[in-house]
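You will see subunit A twice below: alongside subunit B first, and alongside subunit C after that.
Moving on, here comes the complex of A and B:
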């Protein structure tokens, strides 16, 4: 039973990840009074990239070839370990927040290495920026996760989502609201979205994530694009599961509720996509040298949330 | 200021200034400096090959004497020696022109502080001077490897970023070399001239009417301004008087081009430059509507064919109503998106203090158009040297003082408003009669000019006895403004460069005739 749910959750995230990207793009197009491409386009992009030949520069090493596999593997692990459809199914040790943070960081580090391996200008620029951002994002990221862990009294994401799902909404979400806002800021930064990075830009000089993968083509590019889609999906669903912890499955409920849980999952993805599209359509990308301010706000938000929870515990 | 008093100031009491004033080679630089010091900026330099007649090359320097006209100083450089003292030593605005004249004619400006090649890249052999009369237009050049050094900064932690000439997106080719420390730009230099078409050479020996299509294609987004400057030069050389209706229509076409491209830039700067996609989507939609209007009026979306020699494309009374109705909608929509743009703190934060061009640099480099006006230099050919039908329109020149991207954005927004007023005022009292007169070609030479949406265009045309073009020198605003990046870039961070670039929106093709 438990393994069925784990497998179902994993497959759903992997299958629907490109859809999330399609939904965000479609909604952004609507904000611009455009029709926009089909929400299924990211699937076609990945499939057509898989069939294309790869152009790999002579000046690259084995690192360049390993990166897509590592990055995709970390994303697939995240899809397995982050609760998206059900809770109470993963061992606490596997869903540990520090483990998940480290897996995400591993993917980032390899992306950075891939960007640097070809010695191309833009790759280096992107990698340098990514490391700068990572140094700014990680404190906020761990503070947010720790606060949630402290609040739930458990150090696994599965347990945290379970705590949110089992408690009355008004008792937990308002308390954690500052932390959740900080989490949103972190998610936007981690996934190279506004106001940190622009996933739709063609201007190499402004890129972060796109600059690192600029030298990749064909199946490797497909793997990296797919990994990015999975990461975005996982994090968005996690955020939605904390803000709206409804409709989640638990082994005790039995299998009958699976269709409902799936519909809720898709609805949360759509809502998350709408949220990202709204943010990206209404705000301007920030100046790169103001990122520390943005991330400081996130970190301080997380810290305030942390202190609030500590005070709550002592009372 | 008046040209005669300027001439007497610099010691040339006998000259009238109507034709080019011939001065000795030795005092050329000094007199040019005196003109600039007296408040008549150097706007244009060109050379001529007069070896057949006098065994000399002519080097011309054109000064803008607002509002009475242009003064041209000329010196004859001997064909053997080919040197004259550089003007750049005291006049920064001459720096690219002198390098250009060397690449075109092999004339050496002695004492030029940055004596490198300009339009010739590595692959052009030494001693190739294509605008000399004895250089055949179909010459096959050998592939050479001549050094083309670029500025470099050395030191710990300094990196060089080469960008282009091939870029993402649909833009023209151009290479940029950044020297950075972290993200901070220390120096920035462009290597352009990848789009050489040889237009100045190609039009030689052609009748003006045959040359017009070449001029129209110098830069795809400013055909009206380029053809207008050329047509005015030819008409002045041939002493043709253009009918009043054509003069008014020329204003209408010029201003339609300006409105369209300014709205494009407003959308492009705010939308693609900062990622505020809403502005790009709406701006480009409005541009498309205007392009369809152009198509319905002239049969060409980019207004090719709007300016003819001796006239302008004529329109019917219904077309007048079409223009007015379209512009009413454009004005309303533009106001709506500008309100949103100015209300966005994030957008204004990106614009302000980004890419600052100081007033001093704008004057020294001879910056043109929006770049100059946004830095507090109130120059505009439409007011300073009225042409076509601008004389009695009282053009208001929009200036800002901060010189940053925000200033250039605001200048564009204000200029659209002024252009709308000008078009309405022209269409209200559009003179009756013909919009075309015949241009009878004859020997002569003259300057022609126009304020394009990018800035001033100045053409100098000389027609031979048969009325064919002997020499046509063209000064495009992009040529003057590209060098500004050396001033604008440093101090900014690399991710802000595309925004600075879009705020100037220069033409690669227009720079490289």
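Moving on, here comes the complex of A and C:
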């Protein structure tokens, strides 16, 4: 039963990851008074990329070819280890908060190496910026995760989501509100969204993630695009599961509720996509050289959130 | 193993480097002398490691054993001795081939004699049983290290060596006075005498002694603000000696500090807080300077400052937790933090030794350590770049290498501390975690930069246009370091996994405080391997596997040159900008007119330097006042003989007044 749920959760995230990207794009198009492409377009993009011929620059080495595998593998691991449609199914030791942070960091590192192995200024610029952002976002990321762990009394994401699901909404979410805001800031930075990065443009000096993967083509590009979609889905669903911890499965509920949980999952993805699209349509991208302000605000927010939770914890 | 056998082995490990030194001098001009000497050093390392293993296996691993009169092996000493032996082994293996290109630069026989004395000094420091033996051995180690630093006799090395010589002797004075304060002036006191005597000393005097010892050991370990010499001195030594200096000698300083903690009858909390602040400060400044550094070996030296800072902060946290009375939770957290200290000591030893040797191999093939001039070496040396990448991942504390597990223990202990300790400690833990995460992020930045700028992209200058292949023998030691780091991961991993954690609850009521404070590495390793294989198979089966088209990098229609790539300086520009107030970085546009009278025709260049905050706020003011004072005293030195006679008479008069 447990393994069925783990497998189901994993497959759902993997299957619906491109859909998240499609939903966000569609909603952004609506904000801009455009019709927008079909929300299924990311699937077609990935499928057609898989069939295309690859070109690889002569100035790259074996690292360039290893990168897509490692990046996709870290994303697939995240999809397995982060609770999305059920809780109480993963061993605590496997979904430990710092382990998940480290796996995410490993993915960023290899993405950066791929960008550096192109010998193009675009790739190098994106890599330099991505590495800086990844370094500066760590304090807020780890403190937010520990604060949630402190609140829930458990150091695994599975347990944290479980605690949120089992407690009354008004007892946990308001206390953790500042922490969750800091988490949102971290998620936007980690996934290269506004106000940190602009995912919609190519070849603008503003971009980070797209610059790194510029030299990739064909199946390798499909792998990297897919990995980015998985990471966005996982983090967005985690955030939604903490803000609205309803409709989550537990092994004790039995299999009959699976369709309900799946519908809730899709609804959360849609809401999360709406949230991201709203953020991206209502605020402007920050200048890169003001990023330390954004990161400081995230870290200070995480500290304030920690103190709030600590007060609640000791009372 | 019977007691006598492993004692003989440890004694042999002590004698073999000396034999090597004598051999190096006897065979001064003989071809192959270096190989023979290095084999003896390596043999010393192997024999010593077996001896230490025997010491632990024989069941006497919890008692002190006298090796020779005045020199003992305690359990703590045995651990650090093992690092010295392993370091000797790894660096000597490398030096067999590594020194071959440098016959014109170094006087190799004398270099080997110095190395032998250095190795002996480290062993003797760790085994010494009394104050005087410790101080003498420490001084032998320090002086030998000085000669290693100035081995190539260039101006840079002499300047760095002078700075080192000065700082190490300031440190020595601190150590000697600290120990003598504790031992009440008895130089020949053994450690147990000192510990007993310390009960009779007033708390104020104890505090002074503690701060002196912290300054003494801290100056050797590179803690701020006494770290200034380390990034200059360590890189100037030959690469295998740099590895020994950074990977091993710093651990001897750590050993000295930990051992002297046992001399104090009690440790008040504010001492421990000083250690934490100094440690985290070193970690931050080391990580920040490493992130913006462009000299590969100096980058590694800055990273040593960072890692020693982390280890010392861990020691400080252990000390704080031990001061909390009647708190089993705090004591078990002290246990887990001790695990961090041990693990990180071993991990730092492996990755730093390996990286220094690997960077040395790169430098000997390309004749430069400047990251702005390298690049593209992964195509020339695929295997070597793989080893380097693994070591860089270890240094960045990423899974699945050993360093990750050590740092995980640190983070997890802080997280647990937040929930179980009183509020003030919880807030302190959160602040420490913020600093720690920032240091960790900067470390990842540093080592990604190091690997990417050396191995990826295109060669940025003729230096990196190598066509020679990497010597296999240069690869062995870094490869062994990778194996070591993985072994740490596997052994630490099995301790941290759920099942083993439950067994350990009885002994250290460690992380049973809360569920989930454990990581199951086997699961993660297996998952990662399976996923990569799965992705690879799916890619083979379902996507276009036609041979790839090799093209040029997309260039917007203008051919790209290697000079259009980012350099290390450019890569670190955001970090330099964000931390510009701490880094004291300066950019000057220098304009030199070519034709006099026409200001428009000029040669322009950009000069960018990174200063040190401590140099500006601490060292320069001190230097200024010392210079002022000496200018003032110079007035006495008029060169008139009558004046000097007057001084003599005055001095005599003062002496008479005091004496009578």
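The rule we apply is simple: the second predicted complex is superposed on the first by the 313 of 315 C-alpha atoms of A that agree within 3 Å, B and C clash if a C-alpha of one lies under 4 Å from a C-alpha of the other, contacts with A are read in each partner's own complex, and residues count from 1 in each chain.
We adopt the following convention: contacts are C-beta pairs under 8 Å (C-beta built on N, C-alpha and C of every residue); 3 or more make two chains touch, one makes a residue touch a chain.
In this text the structure is predicted, and so the values were computed from the model without any measurement.
Enquirer: Quick one: classify A:299 as touching subunit B (first), subunit C (second), both or neither.
Expert: A:299 contacts subunit C only, not subunit B.
Enquirer: Now for A:121: first (subunit B), second (subunit C), both, or neither, which partner does it touch?
Expert: both
Enquirer: Counting touched residues of subunit A, say whether subunit B or subunit C comes out ahead.
Expert: C
Enquirer: Scan A:288 for contacts with subunit B and subunit C and give back first, second, both or neither.
Expert: both
Enquirer: Just to be sure I read the superposition right, which of the two partners does A:247 touch: subunit B = first, subunit C = second, or both, or neither?
Expert: In the superposed model, A:247 contacts neither subunit B nor subunit C.
Enquirer: Tell me which partner A:33 touches in the superposition: subunit B (first), subunit C (second), both or neither.
Expert: Only subunit B; A:33 stays clear of subunit C.
Enquirer: According to the stated criteria, A:135 is in contact with first (subunit B), second (subunit C), both, or neither; which is it?
Expert: second
Enquirer: Which subunit A residues come up in both lists, the one for subunit B and the one for subunit C?
Expert: In subunit A, positions 121, 125, 128-129, 288-289 sit in both the subunit B and subunit C interfaces.
Enquirer: Show which residues of subunit A lie in contact with subunit B when the two form their complex.
Expert: Residue list for subunit A touching subunit B: 28, 31-34, 121, 125, 128-129, 194-195, 198, 200-206, 280-290.
Enquirer: Spell out the part of subunit B that touches subunit A in their complex, as residue ranges.
Expert: 161-163, 167-169, 182-183, 272, 274-278, 280-282, 285, 344, 346-347, 349-350, 354, 493-498
Enquirer: Hey, which residues of subunit A end up touching subunit C in the complex?
Expert: It is residues 50-63, 69-70, 72-73, 76-77, 80, 91-99, 102-103, 105-106, 109, 112-113, 116-121, 124-125, 127-129, 131-132, 134-139, 141-143, 146-147, 149-150, 153-156, 159, 214-215, 218-219, 222-223, 288-289, 291-292, 299, 302-303, 306-307, 310, 313-314 of subunit A that touch subunit C.
Enquirer: Using the touch definition up top, name the residues of subunit C that touch subunit A in the complex.
Expert: Listed in rising order, the residues are 291, 375-376, 378-379, 382, 385-386, 389, 393, 396-399, 404, 408, 411-412, 414-416, 418-419, 423, 426-427, 430-431, 433-438, 440-442, 444-445, 448-449, 451-453, 455-458, 497-498, 514-520, 523-524, 527-528, 531-532, 535-536, 539, 542-544, 546, 548-555, 560, 562, 564-566, 570-575, 577-578.
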